[in-house]
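Naming follows writing order (A, B, C and D), and every chain is counted from residue 1.
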Amino acid sequence: MTTDTLLTVDDLVVEYPGKAMFAKPFRVLHGVSIEIGAGQTLGLVGESGSGKTTLGRAVLGLAPVTQGTITFDGQDISHASRKDRRALSRHLQVVFQDPYTSLNPSLTVGDILAEPLGIQGITGTEARARVKELLDRVHLPQDAMSRVPREFSGGQRQRVAIARALALRPKLIVCDEPVSALDLSTQARVLDLLLEIQQTTGVSYLFVSHDLDVVRHVSHRVAVMYQGEIVEQGEARHVTEKPDHPYTQRLLLASPVPDPDRQAAKREARRAHAAAQAA
Amino acid sequence: MTDSTSSPRVDGGTAPAAAAPSGQSGHVLRSSPLRRLLKSPTGLIALVILAGVVLMALLAPLLTSQDPNHADLTAVLLPPGGDHLLGTDSAGRDIWARLVFGSRLTLAAAAVAAVVAIAIGLPSGLVAGYYGGIFDGVANWSTNVLMSLPAIIVLLAVRAAVGPSVWISMVIFGVLLSPGYYRLTRTAVQSVRNELYVDAARVSGLSDGRIISRHVLSVVRAPIIIQTAIVAGLSITVASSLDFLGLGDPTVPTWGVMVSDGFKNIYRQPISLLWSSLAITLVIGGFVLLGNALRDSLEDLEKTKEKRAKPAGGRRARPVAVEVGTEHHLLKVTDLQVAYPQPRGGRKVVVDGVSFHVDRDEVVGIVGESGSGKSQTAFSILGLLPDNAILTRGAIQFDGAYTVAPGEDHVTQSRLAPLRGKRIGYIPQEPMSNLDPAFTIGAQLSRPMVTVMGLSKKAAKQRALQLLASVGIPDPNRTYHAYPHEVSGGMAQRVLIAGAISCEPDLIIADEPTTALDVTVQAEVLDVMRELQQRLKIGIIIVTHNFGVVADMCDRVLVMQDGSLVETGAVRQILHAPQHPYTRMLLSSMLEGKTPMTHLLADSTAGSDR
Amino acid sequence: MKSRTPFAAAGLASVVALTLAACASGGGTTPSDSSSAPAGGGSDRGGTLTLGILQEPQSWDPAQAHVGHRLQPFQLAYDSLILREPDGTLAPMLATDWSYTDDAKTVLELNLRTDVTFSDGAPFNADAVVANIEHFKTDNGPQAGMATAIDSVTAVDADTVDITLSEPDPAMEYYLSQALGLMGSPDSLGTDAMDRLPVGTGPYTMVADKSVVGSQYVFVARDGYWNPDLQKWDEIDLKLLPDVTARVNALVTGEVDATLLDGTTFQQAEGAGKTLLEYATDWQGLLLFDRDGTLNPALKDVRVRQAINYAFDRKNLLAQLGGGKGEVTSQVFGPDSSAYVPELDTYYTYDPAKAKQLLADAGYANGLTIEMPLFTPGGETILTFVAQQLADVGITVKQTQVPIADYQGELGKGNFAAAWFSLFQGPTWVAYQQLLSDTTLYNPFKSTSPEIQAAAQALRTNGDDAEAAQALNRYVTENAWFAPWFRPSQLYYYDASKVAVVAQVQMAVPSIYNYSPVS
Amino acid sequence: MLTMILRRLASGVAVLIVVAVLTFVLLNLSAGNVARNILGDQATPDAVAAKNAELGLDQPVLTRLGDWLSGAVHLDFGKSFFTNEPVFTAIGSRLPVTLAMVIASILLIAVFATLLGMLAAVRRGWVDSAVQVLAIVGNSIPGFVIGVLLVWLLAITWQVFNAVSNISPGSGVQTWVGSLTLPVIALVINGLASAAQQIRSAFIRQLDQDYVRTLRSRGISEREILFKHVLRSAAPAGLTVLSLQFIGLLGGVVIIESIFAIPGMGRLAVDATTKGDLPIVMGVVIYTVVVVIVVNLIVDIINGWLNPKVRVS
């Protein structure tokens, strides 16, 4: 795995300045280390406020790196300038959680998809052709180009967001809760699409989610975050089925299953686990 | 810095979303704000007035043959008529000519103030809002200085220092108005700065300048236009007030100068005051109307309401006996249909022909995706649908009496209000937004017990503390005295559950009660609900999209799609042997038990996410 | 009266406006129709008189006293050495008699009353007079110019004072009936307390706790006042109403009993049945300062100045600016002065053709431009007419705005070749001093001529030398040093059911002694 | 909370100093003819020069500014150039008039705007339309037109009120109230409609909140929801609207004072600026800024008290 490591985060600390003038800075990440190999998916799971989104944002340059390093494709990007970022954006892209706010409501889908191309100097017919290709790629109709996000459903918007991320054929896409806001069936379709894209393009994902089931389904490796630290990291199957850390165990046991009898059993297991932890 | 796992599912069943379906249908006509503006009567009136004045200014020489500055000693303060359409002023000048030519300067003066205010306020607001930091601090402080300056004194002092001039006054006034733009822009930019699409643009490497011009400006544009309409009106008011006080530039014909002249001669020729006052009032009114209409057309939030015929036979609906043999059901919904009037006419049906019942000591789950009408059904039972909702069909009976009788098109609050809290409890989806941030948890919890159950304050507090303990809150006393923002989401949801059962209702309606919670918290909250249900033997309706929750809680399940009930049955029957293809599709979308990295759906290549 | 129109109607700034127009002081000796002398008999004292005043005193120190309508409030609390009757004749007051003791008229001796005390109990005597006049010379009040000729003041004995002049001043006795003659208590002179509370020998005393700066002043009759004939009211309230609209409203609704109105408002008072007291104190028109062509060479040519005079339709200007009340004129000296020549009132007539011809003769057939100040607020209508009438004969007026507060200052600085103004018509010597002397504000270019010098020399020793005075008048009129339009009437309205009022010659409002109750 | 107040006060003092310096310099650019204005047309140039020296106007601006500031620190704002009245007294005698008028107006606006806004938000329908129309009309007619109309109708034509509100302190409460009625009506008409409209939208925003539905589901009466919960949550927005109106009234009152001949702060300010009475103008500026700072501070404190989040932290 180390041979073709794409992203390495080493001992990352992120702090936000305090609200008041001399308040102590607020530390969100306490020395986090992860690795993602080329063509691989790292699932990052944790509850709200655990810092998993911040980790993704730090990789994207949207959160301040206080300490530690982020290495992407052999290059230290911990403090990349806006200019470096522009070059980097070819290889590093993002899909956000909320498909309703991640697309500018006043731009057409065509403009949204052409934007990253334009930054890299791809314009005119070439860009138009690429946009068409992208729409195909995410299974959206060609006439979507001239429409605005408001006219699409949540799932379709998320497809647009994915298409935007794919525009420059990146090596890594940070997926920040990409299906959390979607209906069950839509979630399934979007996950299918993400898997399909990985299989055909070999892109890597940093897949952030609070849902262990989702993470298990798409990840090669899984990291579990709890209160700004990674408490467990390893092969997806291992972490999501036989976790070592009590928190991951708790997470696993808390997720309900669609079967009354198995759920009743799981409930009992959870209670037993809780009692054991308390003891 | 915030993980947003708890973000609500979009269209998780809140009423406005159901009433405004544009996000879902995928086939909404795009109507530009301008077109909407033209369609609203106020907008049209405003545009007609303003266009008229602009035309008047442009075509001034064509509209009158008189020289607005020609004084005639022998024709002073003439009444309207003859050579002078609107009469003459105190220097024998033609009022109509002055009105026509005055519109040029009046509008230009307003434009100067607006342009200066925008030129200062907009860029500084953009920079301060986008970058924050020191510039933001300095700009905010300067804004405070500007806003505490007494405008009239500044205008007077500047006038004294540099001489009287409409333009300088308006430039200064523009400076004084710039904080309005600054604040507006800054707030708008700050809200946009944290939008995900701006983050996406940053990730794409878009420069700040491009981000501002491409993503930020488009959002600020609308409020700026509205503010400009207001500022234009204000400038005219201030300019004419200065003239009225005799502090303008009298050598040029502006409407303010004309009012001033008219006011001085109010006893000699009152009508000479009329025209310019009227013109000023009309134009300011035009700007005010334009601002209002623009706001309306941009927000487009106005709920569409249908004129409803008053129910025949008086307001008070007579109680109707329920169908024989159904009295024993705790709740029975019969053929319920709920619709919303649409802005472009017609109605959108969100609940269509739904029938089901709930008995005592029974937990019924309503499952469906967003827009399936499950929350609308729940709110119909509570009688808490938005004002513009119409019950087009059906009936609801509770404990053997109709709350909505057949043939009634709206909820009779006098029937439902006494039931709410006392007989029917409600657990909402979002814990935080459903507690009043201004009151302590204890106050919100004990108040219904005082008003509904008639407990004394002391007894209510006692009981509230017990309830808090019973929903698993470790330190009830602390939580009792805490404000909502001082407790976690999970705790807040427990508080809401405690509130729902506080008056010992027979039926609880839980609308996605755990959707906003972390999965570990969800498990605990469900434990609390189950334990309470078993202890109190109450009926519960759980609205959810999560089959895990259904499996955990429910005895029976209703599956809804597009407002209709597609399948009902016992929980095991539905989960083990679903009949309807939609139910099957939903269940197959579940990830639990699936092989990782495989396709979940056969037809997932079709881009037809609903 | 229209002299007030632009100012008084201007609302806000009329306070300042009246400073400008406050030139109606007085000093003439020509008798006017004083059918009922107010200082006479009527001992029926009683009631409260409420007057709407235009301006409040800046300070109640007598050395800071002003003229005209701004002298009136001082008369409540202070007596003057000499009393000026409504017709302008001088009568004994605190001084029982006075005379020059030398032929050169440089030593004026006054004999004083001995039975008068100040309201703080101090006795009035020669020392008090000396203290007051010396204080007046040093306190730099608005009328300090009245004392410039005074060399020294000495107390001859307890009730006799000699005023020694450095050169004869024919107006000195008049001055002693005005600001210079007001006597304040020596102990209070120059103190801060006196700025706010007058201490004099006058018929009334101010009630401090009912008086509010900027609003109103309440005076009550002083017990034991030495001359009950001048003390006709139990109480006199002055309400400060700078705005003419406010004044007419107050008069109509009975909130004040008498006040000064203007051409835009008097109709309202007539309609409400108020009574008019009409008298003229001012002349109005253009001052053509630049007779030497310093600033505008065209004005050096007498034909240009005459053309300007022929360009004005005086009758219609009076009708529009003065409500038709007053008389047109071409001379700056008033009927009450020795310089007055009746036929000069019609020396210039409205004759645009002649004006154009004169301009053509002077080489300005293609027109010329004159810059004039437009004071704001208030001067808008006037300057519109000036510009229009001159434009009709080919003269373009460039209007430059000057805030009304700075108007006089700007004129005095010589920044304008010509300007509109309204000035009072005093006695000949006073008028000469104001219009033609080389120290006055209104002669910024210090223009003069041998003829004027000669007349001035004759007038210095005898202010009422009619021959010299009329020669002077003829000279400035024929040579068009000014372009006078008319003498507007003051429009003073009062409630005749409550008060009887007699006009005071050469004063913008009547003296306080001229109001008597109607029983 | 206390730190918030202290911080706001410190910032307020800084604002005060900057505004004072700016105004002082600005005014001094135009102070050329003050001595002449004081003395009038008959004063000799020597007398004018003497007056200039007496007033210190022959000193450089910075020297004068220094003198003024050192006086101001000791709360000595000097005397009026024109009336010799100490600035403190001059403002003190006019302050009650203006403040009485402005406060009475703002209280009436607050009460009626809240009632109207609430009614419009809750009832919608014709009440709502009426408030909207009222707001448009109220916003469209300039204040001086309303004032002039009122004088013309109520005082001159019908003679219901005094046209002129010249107030004397000795004249009893009744006269005082009577004379202020008309100006206050004019101010209220001008401010009420827009305040009602904004309070209406604040109410509508609050009524749309989730917790309102939850309160209803608990069986709490509509009246209690409205007056206890919604009113309280809408109050900060309403207070902000009213505080802005208050500040606006302080400036706008000059026109009303002019029409009704009321000897208040506005007229004092305009007269003093026109005449070049620097000490008075500076006094008025300081007073206005202090009032603005105090009003904002009070609003912040009340808002903090209404909002538990701020209160606790």
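Note that a contact is a pair of C-beta atoms (placed from the backbone, for glycine too) under 8 Å apart; a residue touches a chain by one contact, two chains touch by 3 or more.
Nothing here was measured: the structure is a model prediction, and the numbers come from that model.
Annotation: B-D is the more contact-rich of the chain pairs B-D and C-D, by number of C-beta pairs in contact. Note on chain placement: the centre of chain A and the centre of chain D lie 54 Å apart, centres being C-alpha means.
Rounded to whole angstrom, the centroid-to-centroid distance between chain B and chain D, based on C-alpha atoms, equals 32 Å.
In this assembly, the C-alpha centroid of chain C lies 39 Å from the C-alpha centroid of chain D. Between chain A and chain C the centroid-to-centroid distance comes to 90 Å (mean Cα coordinates, whole Å). Looking at chain B, one finds that residues 160, 245, 266 touch two or more other chains. Contact of a single residue of chain D with at least two other chains is seen at positions 258, 270, 274, 276.
Under the contact rule stated at the top, the pairs of chains that touch are A-B, B-C, B-D, C-D. For chain A in complex with chain B, the touching residues are 16, 26, 28, 46-54, 57, 60-63, 82, 85-89, 92-94, 96-104, 106-107, 115-116, 119, 138-141, 147-148, 150-156, 159, 161, 164, 177, 180-193, 195-196, 209-214, 216-219, 236-237, 250-251, 253-263, 267, 270. Within the complex, the chain B residues that touch chain D are 16, 141, 144-145, 147-154, 156-158, 160-162, 233, 237, 240-241, 244-245, 259, 263, 266, 270, 273, 277, 280-282, 284-285, 288-289, 292, 382, 384, 387, 417-418, 420-422, 424-426, 428, 430, 433-440, 444, 447-448, 451-452, 483, 485-486, 496, 499-500, 502-503. Note for the complex: chain B touches chain C at residues 69-74, 76, 90-93, 159-160, 163-164, 245-251, 257, 260-261, 264-268. Interface residues of chain D, counted against chain C in their complex, comprise 32-33, 36-45, 47, 50-51, 54, 82-85, 89-90, 93-94, 151, 155-156, 159, 162-164, 166-170, 258-261, 263, 267-268, 270-271, 274-276. Chain D makes touch with chain B in their complex at residues 11, 14-15, 18-19, 23, 26-27, 29-30, 124, 132, 136-137, 139-145, 148, 152, 208-211, 213-221, 224, 229, 232-233, 247, 250-251, 254-255, 258, 266, 269-270, 273-274, 276, 281, 284-285, 288-289, 292-293, 306-309, 312.
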